[in-house]
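Next, two complexes with chain A in common: one pairs it with chain B, the other with chain C.
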Partner chain A sequence: MTVHNIYIFDRNGNCLFYNEWNRKKQAGISKEEEFKLMYGMLFSIRSFVSKMSPLDMKDGFLSFQTSKYRLHYLETPSGLKLVLNTDLSVNSARETLQHIYSNLYVELVVKNPACSLAPPLDSELFCSRLDAFVRSLAFFSPRAA
Partner chain B sequence: MAHEAPFQLLHSELIHYICKTADGADSENGRSVTKLENMGFRVGQGLIERLTKDTARFKDELDVMKFICKDFWTCVFKKQIDNLRTNHQGIYVLQDNKFLLLCHMSAGKQYLEHAPKYLAFTCGLVRGALSNMGVKSIVTAEVSVMPACGDLAALIQ
Partner chain C sequence: MAIFSVYVVNKAGGLIYQYDNYVPRSEVEKTFSYPLDLVLKHHDEKVIVSFGQRDGIKVGHALLSINGVDVIGKNTADGKDTLEYLKDPANYPVSIRFGRARLSSNEKLMLASMFHSLFAIGSQLSPEVGSSGIEMLETDVFKLHCFQTLTGIKFIVLADPRQSGIDALLKKIYEIYSDFALKNPFYSLEMPIRCELFDQNLKSALEVAEKAGNFGAGS
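Let's turn to the complex of A and B:
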């Protein structure tokens, strides 16, 4: 039961924040390329999902899973994209991501006048609160599965 | 004040605007702080008129300071001042351990050098409130660890 890592992208595709907790294997490419890869994938999947949906789409792309991990996605009306990778025991991290957005990001970054909304986010308070919050989640455990 | 978010966001933008239109040497930086303080002064004067229009006259300066610490601070920042100290000779120290305008910024030493700009408006607010109650004063603020901040008010007879 664990959380692997989190990405936060702004509406232009710049990665504002990245943090990892239990990542065993790196991607093998540099961090900038990894962020671009992740953003490109999200963009393509979203448009794919909306085109191929057989019914009227409400929320769109929510998550995908592989045999080892599940990726959860939340997009806010302002275009901010939050991505959380957890293991398979977590069914939906939507409320978690919503809480991270409204109680941590909006309170500590948007309302922080000294923090510009451009990469990298350098508010230490945001980093430490987010870290503490994720570690306190019910499905987080320091010993990875 | 119904919700503190509009005031906070407006306040941040105000500071950003004043400092941007100043841009230049350090003397300009001092001038921006003065401009912010004067704005706060005028706002404080008006606000205290509204708040005290139905209350009785105050007995002495200490009562005025207590009013500022309780009702005035509650109206603007939704909480009371945590600590008020005085030396009974005209100096009062107001301490707020979780100052609203700073608590979103950091919880330690980061951004400490930007803190004076964010306190200037509030200093002016207190000075304006005191001046309309008949108390001439100088108000300065000091921050050592965010988000706690101590306002120091020196009264001149």
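Let's turn to the complex of A and C:
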């Protein structure tokens, strides 16, 4: 029961924030390339889903899972994309992502006049509060390395 | 009634089989008078609504027919450009049908190949060692399940999110593929599947799965 990592992208595809807790395998490419690949994959999945969908969608793409992890996705109406990778035991992290957006990002970053919304996000308070919040989640348990 | 479609993708990423079991069509027909309060635009050889969502007509819906006659691409059945036709006040009042555009077979080919790549990227970006590609993709309206065999063939099923038993269905489709496509001496590997027995058995497997799944998902 664990959270692997989190990405936050703005509407232009720049990665505003990234943090990892329990990542066992790196992607084998540099961090910038990994962010671009992740954003590109999400953009393509969204377009894929809107074409494939048999009915009109309201929320769109929610999550996907592989044999080892699950990726949860939340997109705000302003184009901010939050991505959370967890293990398979977490069914829906939508409320978690919604909480991270409305109670952490909006409160600590958007409402902070000193914090520019351009990448990279350099609000220490946001980083530490987010870290504390994720560690306090019911489904987070750091495994002994 | 809850399994929408089945796609089979070969190991190069090309679509070799596609079957639409149940595609719910949401279409709205309304009579309009001049001027038209919807903003329409050309997109991908179709005319779609870009602004002015109302009464069941959503942004992204395509113009399907005018006065009961289906449009062909961007033109009406007579060959006139649809947008020009709708700009002329003499043609009003006009009855137009809007709805979700059906996917053409070219688009299905492109989407299947797109999924093939997304499947691989899902595995590459994994934070855990030894992850497979995307096995299940969830949206609020449908769930996409994918099973990749050891030989690289992917069986993709789009179903209702509440439908259960899709994993068993995917294995069953694999069985049907190996029985009626691979054992068919006239079938060449990685080529489009044109085997009647495969179609028939796939349809009955889908019926069985829907009935079985409904016991779990229905209530």
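FYI, the second predicted complex is superposed on the first by the 143 of 145 C-alpha atoms of A that agree within 3 Å, B and C clash if a C-alpha of one lies under 4 Å from a C-alpha of the other, contacts with A are read in each partner's own complex, and residues count from 1 in each chain.
Assume a contact is a pair of C-beta atoms (placed from the backbone, for glycine too) under 8 Å apart; a residue touches a chain by one contact, two chains touch by 3 or more.
Note that the structure is a prediction, hence the values are computed from the model and not measured.
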Judging by the criteria at the top, classify the pair chain B and chain C on chain A as clash or fit. fit
Between chain B (first) and chain C (second), which does A:N85 come into contact with in this model arrangement: first, second, both, or neither? second
Applying the document's definition of touch, where does A:K25 land relative to chain B and chain C: first, second, both, or neither? second
Taking the superposition as given, does A:S128 touch the first partner, chain B, the second, chain C, both, or neither? first
Let me test your reading of the model: by the given contact rule, A:S53 touches which partner, first (chain B), second (chain C), both or neither? second
Between chain B and chain C, which makes contact with more of the residues in chain A? C
Looking at the overlay, what does A:A114 touch: chain B (first), chain C (second), both, or neither? first
For A:L37, select first, second, both or neither according to whether it touches chain B, chain C, the two together, or no partner. second
Please indicate which partner A:T66 is in contact with in the superposed arrangement: first for chain B, second for chain C, both, or neither. second
Chain B versus chain C - smallest C-alpha distance in the overlay, whole Å: 31
Residues of chain A at both interfaces, chain B in one complex, chain C in the other: none
Could you pull out which chain A residues touch chain C in their complex? 4-5, 20, 22-25, 27-28, 34, 37-38, 40-41, 44-45, 48-69, 71, 85, 87
Seen from chain B, its contact residues with chain A in the complex are 5, 8-9, 11-13, 15-16, 104-108, 110-111, 114, 118
Which residues, counting only chain C, touch chain A once they are in their complex? 4-5, 23-24, 26, 58, 60, 100, 103, 107, 111, 114-115, 117-118, 121-142, 144, 158
Across the complex, what residues on chain A touch chain B? 107-108, 111-115, 122-125, 128
